[in-house]
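Chain IDs A, B, C, D, E and F follow the sequence of writing; residue 1 opens each chain.
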Amino acid sequence: MNKVVAFGEIMLRLSTERHLRFGQSQSFVATYGGGEFNVAVSLANYGVEAEFVTRIPDNEIGHCALREMQKMNVGSKNVLLGGDRLGVYFLETGAGNRGSNVVYDRANSAIATVEKGAFDWEKIFEGKTWFHWSGITAAISQNAADECLRAIRIAHKLGLTISCDLNYRSKLWKYGKEPKDVMPEMLKYCHVILGDIDTAYFMLGLDKVAPDYTNEVSLPSLYGKLQEFCPDLKIAATTLRYSVSASHQRIGGVLFDGNKIFTSVVREVHPVVDRVGTGDAFMGGLLYSLISQPNDLQRALNFAVAACCLKHTIVGDYNLATLQEVENSIGGNASGLVSR
Amino acid sequence: MNKVVAFGEIMLRLSTERHLRFGQSQSFVATYGGGEFNVAVSLANYGVEAEFVTRIPDNEIGHCALREMQKMNVGSKNVLLGGDRLGVYFLETGAGNRGSNVVYDRANSAIATVEKGAFDWEKIFEGKTWFHWSGITAAISQNAADECLRAIRIAHKLGLTISCDLNYRSKLWKYGKEPKDVMPEMLKYCHVILGDIDTAYFMLGLDKVAPDYTNEVSLPSLYGKLQEFCPDLKIAATTLRYSVSASHQRIGGVLFDGNKIFTSVVREVHPVVDRVGTGDAFMGGLLYSLISQPNDLQRALNFAVAACCLKHTIVGDYNLATLQEVENSIGGNASGLVSR
Amino acid sequence: MNKVVAFGEIMLRLSTERHLRFGQSQSFVATYGGGEFNVAVSLANYGVEAEFVTRIPDNEIGHCALREMQKMNVGSKNVLLGGDRLGVYFLETGAGNRGSNVVYDRANSAIATVEKGAFDWEKIFEGKTWFHWSGITAAISQNAADECLRAIRIAHKLGLTISCDLNYRSKLWKYGKEPKDVMPEMLKYCHVILGDIDTAYFMLGLDKVAPDYTNEVSLPSLYGKLQEFCPDLKIAATTLRYSVSASHQRIGGVLFDGNKIFTSVVREVHPVVDRVGTGDAFMGGLLYSLISQPNDLQRALNFAVAACCLKHTIVGDYNLATLQEVENSIGGNASGLVSR
Amino acid sequence: MNKVVAFGEIMLRLSTERHLRFGQSQSFVATYGGGEFNVAVSLANYGVEAEFVTRIPDNEIGHCALREMQKMNVGSKNVLLGGDRLGVYFLETGAGNRGSNVVYDRANSAIATVEKGAFDWEKIFEGKTWFHWSGITAAISQNAADECLRAIRIAHKLGLTISCDLNYRSKLWKYGKEPKDVMPEMLKYCHVILGDIDTAYFMLGLDKVAPDYTNEVSLPSLYGKLQEFCPDLKIAATTLRYSVSASHQRIGGVLFDGNKIFTSVVREVHPVVDRVGTGDAFMGGLLYSLISQPNDLQRALNFAVAACCLKHTIVGDYNLATLQEVENSIGGNASGLVSR
Amino acid sequence: MNKVVAFGEIMLRLSTERHLRFGQSQSFVATYGGGEFNVAVSLANYGVEAEFVTRIPDNEIGHCALREMQKMNVGSKNVLLGGDRLGVYFLETGAGNRGSNVVYDRANSAIATVEKGAFDWEKIFEGKTWFHWSGITAAISQNAADECLRAIRIAHKLGLTISCDLNYRSKLWKYGKEPKDVMPEMLKYCHVILGDIDTAYFMLGLDKVAPDYTNEVSLPSLYGKLQEFCPDLKIAATTLRYSVSASHQRIGGVLFDGNKIFTSVVREVHPVVDRVGTGDAFMGGLLYSLISQPNDLQRALNFAVAACCLKHTIVGDYNLATLQEVENSIGGNASGLVSR
Amino acid sequence: MNKVVAFGEIMLRLSTERHLRFGQSQSFVATYGGGEFNVAVSLANYGVEAEFVTRIPDNEIGHCALREMQKMNVGSKNVLLGGDRLGVYFLETGAGNRGSNVVYDRANSAIATVEKGAFDWEKIFEGKTWFHWSGITAAISQNAADECLRAIRIAHKLGLTISCDLNYRSKLWKYGKEPKDVMPEMLKYCHVILGDIDTAYFMLGLDKVAPDYTNEVSLPSLYGKLQEFCPDLKIAATTLRYSVSASHQRIGGVLFDGNKIFTSVVREVHPVVDRVGTGDAFMGGLLYSLISQPNDLQRALNFAVAACCLKHTIVGDYNLATLQEVENSIGGNASGLVSR
């Protein structure tokens, strides 16, 4: 079985309840999450051995994040203690035609201020087969981007499969670099990329195109372009999201294996209990399926879409749907019957 | 006015809030309910004198259940104190394409371990005209099934009208009997049965059929078959439920009076606040209407459907819609205007 | 910039949570609001200087209401302390086909028992340009209606623009007068009226008509009739509300400027987080737009509709949507994307 | 066994949690209680048949109060529906050297506006042996005082034992009468009075004295004076309360039977979970003990003190300590061991 | 470093909040704990490798217990999945002179119904040096007692140090055996016993004595008697608890090493936030100190007392005080200064 | 009447509830406060015109802080919008012998990164008479210290009275300076200093002494030493705090006017609801009393001590006790009677 290492940030999330606005809320619900950690939790839930590598401050709030990793059965033995603070983000959960709102307070977090070379990647990757990172780590600081690139190169040298979720966040990227300055070198070792074409082209510094995701004829050449930058690329995939309202989404997906476009049905998600982390749930489902049934790419896409849809019903950053639940959902049992 | 006795189990229900999964929840909302008790509460709310007969442990948790009966104005004077524990069930409330999940912890409850003959049914039924039970009581233990059959026979002997909700629960029936071993003898004294044809045939040991509930021609013979087993059967009815998702249901009903099929319109229920007990709300509405306006079976069906729909908006096991609210709803006022 | 004075009542609102019914709720969420105050909050949020004039009791509950005004940046320097109690209303929030329910407990409130002449309107209106009141103040007591009429006449004399939300509440009007006894004299000084034609005609004592709000041909003469009673009337407008269920509304609007009918698109609102105060949000949006861009009546209507829709997603009586959010929503961005 | 009727008001109590001040609290805990009702609950808990007579409004908030009576097993069959509102009081729970604060909002409640003669006391008292009322009912309105006096006279005529808790509240008595105008006539039929000498003398219009409750020699003549006004008086008793802080009380009691002074030990109460209703718990304990063991007045006093102390640990207006718990406490088991 | 295995039951604890009584509480706080598990958590918190062996049901509630073990860094790899239910206990937290109340609902739990021989103890004990069990496991069922005895014998054979907390619970021991029938054989392999002399003598079938824990002269012979039954006994210790009230305890300890009596100072604990598990915190502190500094028995006792005191301030069954906090507390820093 | 300007930081405070430890808490209570802001709130509550000057980020969390200032009636018109984040601190509330724990996360806050000269102090001080700052502002960053010194010098030049709370926090002072490098220059313009002698000497770089606060003979010379550094010093005062436990404090105070030592009685505070901000409450009370009754220094000290004691019973950073409540408390009414 594959053994996965994910690298990135785990944050304290502070969210309002009952659709309250920030200014109304006398309390915040505290959970812990982050794009790459969320993927690791999905994998652990599906039975894949997953470890998360990050740096957290050696204070009580950092220890809370560590307890969360343990609780979710995600390996934490290479987590570094140090730095000044755990990154924080505030979330106001929208409804109907009022979208959710995120206020980031993650600058100068323990992982953003990590010194280059802080992690012993050769040792971390011993016995591991897969490395997962995301564009967020590249966005938060030069230090984090540098260390991530080190990890990618070492993973590549050691023969691990490398996956990346592009995860563009316009409110980040504050340290003086643009994605196109950083991402191409990082992406060039990747085997699996999650992200829509617009984001991929933007991060690679390519001209903007207007992809039509319903056109399975034009998509191969658009996706194929990525392989010029990422010679090892095997799989490119993206979530398709139609946002009717903050409470009502339609979710599908597209996957390209270098030759062929796979598409999923588009599913209704209504209501949305928690929108955050649904892309990570897609990524987690995709990786699980690529790991467990690498030759069935249609299933991989369907699994990813089903996992993504179920995540919308779950509070917090990461997906708590079980393997059985995702599989039942693929099989058509998404009508919400009571199990009793 | 009729006076109704219901017999069965009242449980402590422990449910998660805000769609949290079990593994996320640091607290449980505690309410009390059970199929037959829920029917009694509906009747009491509509102004029918209703009594609930059960056995609860003589400890603080049992006393909570007793206070609940009192609060809801359901007679409790024949409740026995004894046994070791109150049955418990855990409820995780789903949303969208994630269904709700029930974990039963009701084995060895006070009523499941009741000794045969523990209740003085002749005395209990004095001055009463109606006896209601359900297939759950037959499912939880041999003792409960035996005592329920005793009650049915005495009720029959004393001339009470007898109603049953078939209520098949696959996670129960653990004591070595199958429904077809137990239910035929219990059902044969019934005047009113609630349940779909598949469940009824299954419990009676008949071969599976594939009823088309939109076909009012074929239904009479399918329902008519029940009368071979239940010679006193006057009314058979069922909820029709189309589950779009855990948050969106479509609800209708069918009623058969031995001759004719009555059908209701199908109504939209969106969102679902609480799915549990909606069948009991249907049963409660049906019994109330059969008791108060026995000759208007179309109204009985419409009342039951409206009550069932309203229950979906109410937290807890039993229906708190008032008589006026159900009647307004039948009359078309279901568009949720503010009353002010 | 205009400076607005609103006059009316601020109440303590006690609402159940999680769609609980009154009889289930062991606690009430406490917020503060009232039709005219809600309009003042909207204006303050959009950057208009707004003051609220009322009377509150000099006890801790009254002081809470005062703190709320301060918090929302609504001027409170002319609030009188006195009287026995703050008005209260209880709110049970419905869902689906169960409507919300309001129980008023506002009789004998501080403002309802205010003595005529208690406010020094000449002083209050110094430097102000706009006066807003509503039909609720006319409904709660003779004293409040008398003082409101005094304010209207003084405002008129001093040349302020006067706006009124008709706000008919059948559970009020308990002091022996009917709307037609009181409202015509009060309305005759108004420049802006919010309310549907049926309500306007009813309050003016006119015969009931059956307006077809989709018919832009017949509407002008129906609205035009109002100008016979209100010679200064410049703008009459109304929210159009189609209530699919307590959780699903369709919202549009109509505006008449004496010559022409303006209509908005009808927008979907689903789910409804809080139905109360959505009319006040419409009024607040309308006033803001009339004040800031008096010549663009189509924008005024669109702004009012967008504000009204957003309010449905916000807990409490008043609208917390920001100017930017309403403008984004008019511009088509109502699909609830996460801002991050 | 004695059968007790209590007459008075049941209110909605809205209290802040976690020692929050009114201005900080976004919610209120809702419970129901009132001096005389609290006594009835105590009696019902100890196994005495108790009924509460009052008037509540026929709205959802009134129905909540009715459900509370049912839940607590207090008879409610003579409760009248009518009037405009349920009385409300707001409670801010203090701590340490900050005392609790009550804001009354009970004017014009259903019982305060009851019409004289509304209750059929002859019928209500059939089969009953004891009537309990308190000085609060005399304080809230002329109507309530009048009807209470009617009840007292009829009870006296029918031979019931009559008890009164003087319960002086300076924030009430707003309708133009002073206690000395009303109370003497009401008290003259009483057999049992609870209240300290200062209050009793004040209500009877006597000159102020400075009783020394540790002086068992001087007390008999002070208490004896009451018998001149209340010829049937058998028992006068009072709680002795030494308030170290809002969180720390010392509680004892004194009882006079016309001849002899009985005193109890003074017990430490720390912390105080809920101070309200502790006097009613004393009264409830006293009545229970006088009813069940009328000849053991020392036990009656000890029972009342123990009940009063236990109430300080219980949230809400009324005492939920069981008979067994109070008896254990008298017996010295007040050291708070875990029962497991 | 020592590696510890603890064996026993982990339960779902359902407790009321804010000192509410069971009958008032609409929700329960859900935590997980149990005597032996609590000891394992203490050890893990102090940095000792600790594993917990038990059996939990393979349902969502059982999985919650497993997540709790993971979160607390307690080894769970030998936990068996099986059986019908997780044991439950209900806790009503007292205050002042009202003690806390426990209602057990743990019969037929997964561990109580474990089959003899279910655990592979030889494998479990590989590389381990210490085995901890308690009298609760002996009390819940014959099966659990049998398997515990198997574990003890194997542990003894393999040379592990064996510790036991006597933990007498009168509400358990329902399966037909008395402690003296079971415990002597189990205790005879123990090296460390926690429990007062009365309990030890009772469990060993000895005549009751009246130990005076302040008399360091008489104690050695009383404790010495235990060594006749437990030939390997090295340490016997007990918590000394003086219960002023449910909110105020005085805590000390006594330790006997076969020769000498060690005593601690008695410390004030006020308020008591959570009384449950304070004995387990003592045991956890004692074991940690015996493991880390085996030759300093005075420190071991002081550490155990300080840990026990700190646990009284912590919600839940187990102790979350850190090693540093306990050491600071021993050093005299128990005056509750803010750390900032 | 004096008009006060306070300068410093307002933070978001995130605290656990019910004495939960950080690792247990799934939510945080969100309040806003900070040493100097808390003083401003106290003054506003007592009726003094108070303004708070700070810098907050122009995001939703910053706006929450602004709303809080408005709500508390503290002037905010000179607050600057800018910077990246609002300072945060986490608070775990202790009990008994477990102290509260603060985790600061305030580095790089908007005020810590303010540029020198950002505030127009001449304009801010127009019409004002008093300037208050604290040692925390000196501790958080060089920028904040520099700007604070600018403000002090300008205030001094303009003739305002200047007060300082020394407020030493060992977890701050991270920017490379020690108090003695910064504070002497800042303190030399002060008229009123709050802080114990040890802290004052430490900040001024003097040798440590061991003051005996019960010795009114030796204190004058110890305090007198301060005047060598602070030539304008009129009043030096300090809280005397004896911490029995986190839940039990004894509070007194000492004041020196250059000639004479004033001492207060020492008062019991039990329980402690919220320890944070009690020093600020002392300062707020002291300033109020110095402003309103400048010649009665004994009253000033008594008022400060009473305010400080009352603050211990109030949740949040600042004191919500009213002027009347503090005055009642000074007058001896601190026994926590119910006001009703």
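In this section, contacts are C-beta pairs under 8 Å (C-beta built on N, C-alpha and C of every residue); 3 or more make two chains touch, one makes a residue touch a chain.
Computed from a predicted structure; not experimentally measured.
A count of contacting C-beta pairs for E-F and for A-E identifies E-F as the more extensively joined pair.
More than half of the residue-numbered contact pairs at D-F reappear in one of the options C-D, C-F or D-E, namely D-E.
Each chain's centre was taken as the mean of its CA atoms, and the one lying most distant from chain D is A. Separating the centre of chain A from that of chain F, both taken as means of CA atoms, is a distance of 45 Å. Multi-chain contact residues of chain E, defined as those touching 2 or more other chains: 18, 23, 26, 67, 101, 271. Of all residues in chain D, only 18-21, 23-24, 94-102, 104, 169-171, 243-248, 271, 275-276 touch chain F in the complex they form. Touching chain C in their complex are the following residues of chain D: 14, 22-23, 25-31, 59-61, 63-64, 67, 84-86, 88, 90, 92, 101, 103, 105, 107-108.
Within the complex formed with chain F, the residues of chain E that make contact are 17-18, 267-273, 309-310, 312-316, 320-321, 325, 329, 334-340. Listed in rising order, the residues of chain C touching chain F in the complex are 67-68, 70-73.
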